[in-house]
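Could you have a look at this structure, given as structure tokens, before my questions?
Chain lettering (A, B, C and D) follows the sequence in which the chains are written, and residue indices restart at 1 in each chain.
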């Protein structure tokens, strides 16, 4: 079972991954967007980390809700509301349980993903974070490792896609051949789960 | 003796030299000025050529006066009034003689040079056109070739000078090591005399 | 990095401090990133609030003042602001007559302003919203995030602001804002890429003999790259792209806009070509604004925005305005 | 070449056509290169005429209008105009009250305006002249062409123009222009070199980690090259360079000027630093103008100009002005 502490470790590992990979995320965004995805997430997760440290929530759901709220209030851009909604909605789905199972987490993530899809109007194949998140959530029923692999494959699979949502869509055909920055950061989000489980 | 036709050939050869060397003059001006000396003179001598062709003056003095007037009205910058004054003043000194000697021309040029010195306030060694013109006018008493050589040496001698007049003076020590664009075009002016005499 | 900055992290805050220092009549909350008219809320007047990523100055902060915006919310560079900013701005300018949000159509701006509308309404502020989406370079809007908001934002902010200043109620301010947007189209061209402070190098590689057609204002590449064109050719291309989508039957407002690093001398030369092609196409020009108004940091390039004016639009365009970047009639 | 132009040869004429198209209230003679107020000559009013090389826009053409210049004469790019232009402008604006030439102190400008003064006086126009020489980066003025005219030109043109608009006679307009110049100093910094249309490549090579201190507005390199500095350090350096030469005992007018390609966001951030260091040095600021006003084509960089104001200078600064680039109070 996964307790609040696990969720805090998850968010910590994610923050570290974002800090480590911020340059690459921004480079990817420069190619088909506006060169800010890395700094956007760094700003958001740095704020979230501070909030989590200041007043550590004691349930898994509360960890995600607080993190999501911080992302919404500090990131801006498309990814702020989207990742914020993902985590808030997943957190809400977990309720105030003190411990949750991996399957419950997968279920909650699917609720979050559905909210993201509704908010942003994107479908799988549109070259967005959904292309990493959806397969990852499905594979999470199996294991953290399977989820991480599925997310990474999903991110890689965005390379040949033609973007239909977000800034990259303005490029039309020229969006093809680049990996989506949001799908890439989503793979970090899922990968951090595996780290937290170690 | 030198007649109006000689002076027209002189101005023609000068116009050709300016067109040929415009790029180099502008490059030199880029290094210690504002990158326009070549285009400035091209504009001026193109206008002068058109005016001389439209209504060819029939005395040496009139050729220089008309050319000088055209330079003043079309060049702008420092070199427009300076070269304009040089030629107008030299032309005035030649009066309305139909033919003049090389020595008379040298004398007239010295009058023009004195007017330039008065107008611009520069002295020899200040890294200006005067550093090519003065030795050239002196050597002109000897021969066209000597004048051309003296002008070229005078221009080359500006390289180690510290500029005290014109834009290059703003650079202080950094003006050292570059040949003065105006001295360089003055060498063309004198060199064209030799060509016209051929 | 050739930037006049301290560190990338403080660029937006530093800019706000400088705005405050230069314009004592504005109320600049540097910490919360809200720029408000000094006399807000104005009794009985609808508030007009906009915002978006920084890097497009003078948009939006430079348009706060009499006859235009009541408040602006600058985000990080090229990043939409967060909902908290807009909700705060709405609260600061609302006199009870409600607030109009002017939102450029980018996913980030749309989502954040949506959330802000919820927050503000929860606090009892009546909020209407108008999306600006004038950029004809974005085609097939069914398969994209839709046309971007670019130069027309200036028209919408000026004209909605003038209507609000006249005392028009919220639904009329909203309606005229929407009408201005519907009657406006833009097309932009980049001669160089943009360098954001955070990235520190150009966002894309544009060899010096080439240009990008159909760019936005965030350093994203355009739809197409071509060998360098003359000012005349660019004007033909841009104006025709706009006129393909907008067939004005009345004189237009024209914004001939620089992207930030194009010298005004060149921009005026380009304006001459824009007027020439409009004359050739039989489109009379009622008003022209030339300058760097909706920019993309240090990008060289330009955009053309046309708005098919009508009597009311013209009257509100000519109405007095007094902001850092746009002033007349007062 | 990343330029929005047709061919280098027509850049100035194209710019003038575009200025005419955008500002129907100006009288633009493209062939003879003179920009005149539409209502000139204004009966009884002293004419204020300036001019200089093109490439510094909006200076000077953008400052023609009510309360500022009566006419402007644009030369080729970075090349002083010719005497014929200024004489023509003087004739066009003279109402019999005489004309003031505002001349930036460059050898070319000085010589050409001198000749123009002769021409105009031969035609019966009374002409006074004031030299602007505010640039403290030029030291040892005994051994140079003397301090250059840069940012203070805007102050002189605005304030002399306001005095003329009030109906002051020529000698008073000249005296206040001279006083403004004497009380003004500038210092400029380049973060990039400039590319003129005729040359097509940067006038000097500035590696991206370095900057030039003490530059002029013609793409000439400065007195000194240094490793890149922060906005804060540049403000310290520039303001202290100015204050070394000018110890204001009354509040100053401050112009925080962009060289053309520096984003307004950065320029406002720099303004915050300028205000900080002025506060630290105990110099109060009466008015601040931030923007790209006295530019050098596509150069990135900035300059600071301070003018020790007095009551009359402040009043004339605040007086109404209505030109393409500067407008208030009307």
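Observations
Note that in this section a contact is a pair of C-beta atoms (placed from the backbone, for glycine too) under 8 Å apart; a residue touches a chain by one contact, two chains touch by 3 or more.
Source: prediction; values computed, not measured.
Number of steps on the shortest path from chain A to chain B, with steps defined by chain touch: 3.
Chain centres here are Cα means. That of chain B falls 31 Å from that of chain D.
Rounded to whole angstrom, the centroid-to-centroid distance between chain A and chain D, based on C-alpha atoms, equals 53 Å.
Contact of a single residue of chain C with at least two other chains is seen at positions 77. Residue positions of chain B in touch with at least two other chains are not found. In this structure, the chains touch in the following pairs: A-C, B-D, C-D.
Remark: chain C residues 1-7, 10-12, 14-22, 54-55, 57-58, 62, 77, 191-192, 208-209, 211, 228, 230-232, 234, 256, 260-273, 275, 285, 288-290, 292, 295, 297-298, 300-302, 322, 324, 327-330 touch chain D in the complex. By the touch criterion stated above, chain B contacts chain D in their complex at residues 26-27, 30-36, 38-40, 43, 72-82, 119-120, 164-167, 169-172, 174. Every residue of chain C that touches chain A in the complex is listed here, in rising order: 8, 53, 75-84, 106-108, 111-112, 114-115, 137-140, 143-145, 148, 196, 198-199, 203-204, 216, 218-221, 223.
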